[in-house]
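These are the structures, in structure tokens.
Two complexes follow with subunit A in common, the first pairing it with subunit B and the second with subunit C.
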Partner chain A sequence: MDLKDKLVSSFIAFENMVDVESAVHDVRSEAIKTFEDEGFPSKRDEDWKYTSLNSVLKHDYSVFPKQENAIEYSDVKKYFIHDIDTYKIVFIDGKYSSHLSQTTHDSMDVCLMSSALAKPKYRLIIENYFNKAADKNSLSSLNTAFSQEGAYIHIPKNKVVEKPIQIIHFSTGNESALMLQPRNLIVVDENSHVQIIERHQSLTQNPVLTNSVTEVFTNKRAIVDYYKIQNDRQSASLIDNTFIKQKRESHASVHTFSFGGQLTRNNLNFYQNGERIDSTLKGVTIIGDKQHVDHNTLVHHIEPNCESHQDYKGIFGDKSTGVFNGKVIVDKIAQKTNAFQANNNILLSDKASINTKPQLEIFADDVKCSHGCTIGQLDDSAMFYMRSRGIPEKEAKALLMFAFSNNVLDSVKIPEIKRRITKLIANKLGVSIGFDL
Partner chain B sequence: MLKINDLHASVENKAILRGINLEVKAGEVHAIMGPNGSGKSTLASVIAGKEEYEVEKGEILLEGEDIEELAAEERAHKGVFLSFQYPVEIPGVSVTNFMKTAINETRKAKGLDDMPANEMLKMIREKSELLEIDRKFLSRSLNEGFSGGEKKRNEIFQMAMLEPKLAILDETDSGLDIDALRIVANGVNKLKSKDNAVIVITHYQRLLDHIVPDFVHVLYNGRIVKSGTKELAHELEEKGYDWIKEEVNA
Partner chain C sequence: MSNKYTEDDLREELKTKEYEYGFYTDIESETFPVGLNEDIVRAISKKKEEPEWMTEWRLEAFKVWKEMTEPEWANVHYEKPNFQGISYYSAPNSKPKYDSLDEVDPELLATFEKLGISLDEQKKLAGVAMDVVVDSVSVATTFKKTLAEKGIIFMSISEAIKEHPELVRKHIGTVVPQKDNFYAALNSAVFSDGSFCYIPKGVRCPMELSTYFRINQAGTGQFERTLVIADEGSYVSYLEGCTAPSRDENQLHAAVVELIALDDAEIKYSTVQNWYPGNAEGKGGVYNFVTKRGLCETSAKISWTQVETGSAVTWKYPSCILKGDNSVGEFYSIAVTNNYQQADTGTKMIHLGKNTKSTIISKGISAGKSQNSYRGLVQISSRADNARNFSQCDSLLMGNECGAHTFPYIEAKNKSAQIEHEATTSKIGEDQIFYCNQRGIDTEKAIALIVNGFSKEVLNKLPMEFAVEAQKLLEISLEGSVG
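Let's turn to the complex of A and B:
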């Protein structure tokens, strides 16, 4: 049985575990039909021209983990941002781990999707927001069909959340191959501010495929900063579908750091439903071996006087491959839009490749939209300058690559994340840089 | 310190240096002057080890050792320093971090451990004061958005930090106002000792009022066509280069 058939037939088993009388279940039933009709995307789909899922779909994934697995904090501490106080929503093989988590209901909700879906007090929020931002593509629909667990975050108005919130998914490898469908819902009300860090981490070499959907709603003047750390083992693949619906004067930023995994596809979508909205999409990708990272972004400017800033840097070594497809739509009424997009890449080997494609659909006439993409090698004159000061070739290259990715790190607001990412970059480049940034 | 014998070098098959002979002893300051396109900057780059230049003939001896086959960083580790005419901007790397890396890599090459942090800080403080560099400046990205004067002061600051045996200053005076020129020259003079040597490459005599050379050489068409003392620089300032060209071409 192929994976699609297995998933479709698993839906019946899934229905035995959830409340089928709820409104959410109607959404799920609709979604499994969509997935059944469309199946997994193939390279024939324009949006998947440069990314093939074949190699990750061939495993015999178990769709529901059979048992609950525990892990000790000391064994996984390194995957947390642990030098600052944070809220933590942690899952092990798709199941919530109360042992590793630190949630709250104190004047806001930082808790679980499963309880938000089940408990009456969350019904209104779920009705208003659940599946209201996600698109109806086959992969999002697949996730919607099986949506049950993940992070549920609701920040009521006028609240600055002091501590960042970490959402971490571990997979133990107790199943020979595991597919996960985490579903996150984040609603941030008027004037509130929250920072979120998300990570998927597999602990063994057994294959893991995660098809995640995150919906974020930023209401009037809300600020959301989202950091995605993608540094998983090479047996793990991730399809991250994130949808951010913004209301007027809100600011949302997503930084994506892609260093690990076998195949990573980021579908990152912003919808600007109001005026004076600011959206920031930044990413650093550093990969090698046969790794593949695909950034597929969409910024939809629906109302006038909004801004969007996209800046993605990629460094590709060995036989790694990258894709950047950045779509910006400016509706006819969205005058005075400022939309910037940059995608710069360095290829370190003859066998590495990047396909980069800006896609601008502009229907308004009074806008500032710019885009630029570059593919190059390291600057020779900078190399000579550094080497003439005694910095060997390899270290000079590493420093230049730091410099190359640095302006993406500049806008990271949490210093601990900045430090952590800097270290990850140093490790990834295989050098010890004799300083802290 | 430095001995160059019959050095020929080219770039993209175009001969630039056509037989340079030069000897610089420890404790000396040499000035190399000459009209545009005479090969001054090429000579500096070739000594520092820029790979684009092909050395076709001759040798470059540093303290008796032929360094021609060495990589730029290896020459730096042996004490060669080039102050660039156009220092390269490196966004994202602060002056301090760049210096720490350069110093510790040089120490590593010599089999030494990293310089202790407090020692490094003390040295940075001393040397930045010497060049009248603001502390805030040191945390800025290397050369990014620096004025011409700031770039050159930063070059000499790096020279002060690295304490080279042989410093080559390539057009360090270009783009400097008189105050910056004084600061830079003062820095170089303070760093001068009987154990190191300086080669000043310049188009004008102006810098040589501040950094007084023991010898002045005129480079023209890839050869040193005239050598003398500091009076030669004054003569060139007064009369220009045409009489040299005429003499050579005669």
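Let's turn to the complex of A and C:
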């Protein structure tokens, strides 16, 4: 039985575990139909032209983990941003781990999707926001069909959340192959501000496939900074679907750091439903081996006077492949839009490849839209300059690559994250220098 | 055409005309019954007195075509042509060959006069030889003698099939195979005529070769086939310009152009396309589905320059296959759409050889309710060390009912590749118009000035005669687009 059939038939089992009377369940039933009709995307789909899921879908994934698994904090401490105080929402094999987590209901809700779906006091928010931003394509629909667990964050009006929120998914490898479908809902009301860090980490070599959907709603003048750290093991694959719906004068930024995993696909979608909105999409990708990272972004300018900034840097070694597919749509009424998009890539090996497709679809005339895209190598003269001053080749290369990706790091607002990423980059490049020269 | 065309002439012209070249020459034509089947393909081939291998080649293409479906990925929407409702052959019903101009149907000559390309004038305008194609049969060729002295073969492709079968047979379909795509297959099966050009080793063609294509017979699609072969170390500049009479019925045009540049050769191919774009309500107009591709051997160079102002729907991607080491591909394009026109155009640069270079400059201008898309592919294969590409796609929007789109595909499989791609979208600034107004230049003229400046990089690449015509076309195409 292939994975699609297995998923479709597991839905019946899933219905026994959840409240089928709720309004959310109608959404689920509809979503599984969409998935059943469309199936997994193939290379024939224009959006998946350069990314094949075949190698990922061949495993016999278990869809529901059988048991609750526990892990010790000391074993996984390194995966947390642990040097600052944060709220933590931790899942182990898709199940909530209360002893690793630190949630709150004190004047805001940083808790679980499952409890938000179950408790009546959250019903209004769920009705108003759940599945209202996500698109209806097959993978998001698959997630919607099995949506049950994930992070639920609701920040009420005029609140600056004093510490960042970490959302971490661990997979223990107790199942021989595991498929996870986390579903996050983040609603930030007027004038509020929140910072979120998301990470998926597998602890063994057993294959894991995560198909995650995150919906973020930023209301008037809200500020959301979202950081995605993707440094998983070679056996893990991630399909991340993030949808951000912005109201007027809100600011949202998503930084994606992709260093690990077998296959990583980031579908990042911004919808600007108001005026004077600012959206930032940035990413650094440094991969090697046979890794594959695909960034698929969409910024939809629906109203006038908005801005969007995209900046994606990629460094590809060994047999790795990179994809960047950035789409900017400017609607007819979205005059005075400023949309910028840059995608710069370095190929380090002849076996590595990059496919990039920056797309502009513009229907308004008074706009400033530009995209730039480059593919190149490290500058020989810069290398020579450093080598002639006694910096070894490896370190010199690392310095150049770090400088190359520094634009993206510059806009990271949490210093601890910046430090952590810098360290990850150094690790990835196999050097032990700190870069903070 | 007079080169002393001034802004005042333009204004005068704008007042009076809807579509300048919208007239219809009534020449008795011999037209085949509508529809397409194996018999029609055979009949076309027989009509053209083709050898057996050519007939077989056409039939092979027809077989493939039957299995194919029309491509739908392009960003254009139109009513699909009924391929069984088209007559696939029409030839002016006069004597098949002419020795001098006197023998040519006077009505035809008048047509050329109206087009501004009267043969007399062309003959005097040294440097340009015309292979005039009205509908499908070549009716007059000038300067053949001068060319013959150099060993240059420049004739219609049906003549070439008869006179130089070895050259045609060796090269036809090598760059655009019969089964390449739907329209190329259709063209391969039913092409009526077109031009053939061969430049021998080491010869620099002394003049710009040029052909004019016209669609002249109601209900007949034109299926030209052009084959240009530049042998080692040779050079040729080839001009293609098109105008068509105004019709209400949609007309299909599916041409195939193959360029072959052998070692160290250079081909410069320039196009001005000004077919009937349909009226201001989007009714009528020509469907232009063209496959153009060039193959570069070692150190060869192919340069495409196009000015696309006409056609209701354009689907066209002149491409370069940079097969040989050190070969160079260039693409310079201006695409103007107005009213309900739709254009999906761009290029493909396939880098296979080492040290290959390509440049893409594309300028899209959309006005009215039109949609203008750039779609391009830059592909660097793993063997193509030190490949270099620079692409620039700029769009200019006039009014808020039109759209500009860019779909660049960039695929690199070699670490030494250097690729840059830039795209911008903008409108004509109010400050720019104000600046011009302030200096006594009215808005309409100011727009023409700015559009010309915007397109300059591409206009500069056109041969002189074309540049003048192209500039004029740009202005006419954007007529009335200023609010």
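Following the convention adopted for this analysis, the second predicted complex is superposed on the first by the 433 of 437 C-alpha atoms of A that agree within 3 Å, B and C clash if a C-alpha of one lies under 4 Å from a C-alpha of the other, contacts with A are read in each partner's own complex, and residues count from 1 in each chain.
Keep in mind that, in the parts below, contacts are C-beta pairs under 8 Å (C-beta built on N, C-alpha and C of every residue); 3 or more make two chains touch, one makes a residue touch a chain.
Since the structure is predicted, the reported quantities are computational estimates derived from the model, not experimental observations.
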item	value
Touching partner for A:13 - first (subunit B), second (subunit C), both, neither	neither
Contact breadth on subunit A, by residue count: subunit C or subunit B	C
Partner chain in contact with A:160 - subunit B first, subunit C second, else both or neither	neither
Which superposed partner A:399 touches (first subunit B, second subunit C, both, neither)	first
Partner chain(s) touched by A:370 [first = subunit B, second = subunit C, both, neither]	second
First (subunit B), second (subunit C), both or neither touched by A:23	neither
Subunit B versus subunit C as contact partner of A:359, first or second or both or neither	second
Complex contacts: residues of subunit A adjacent to subunit C	46, 50, 332, 335, 345, 347-377
Sites on subunit B touched by subunit A in the complex	48-52, 71-73, 75-77, 80-82, 84, 87-88, 90-93, 96-98, 100-106, 109, 114, 141, 158, 162
Residues of subunit C that touch subunit A when the two form their complex	73, 380, 382, 395, 397-427
Subunit B partner contacts - residues on subunit A that touch it in the complex	379-382, 384-393, 395-396, 399-400, 402-407, 433-435, 437
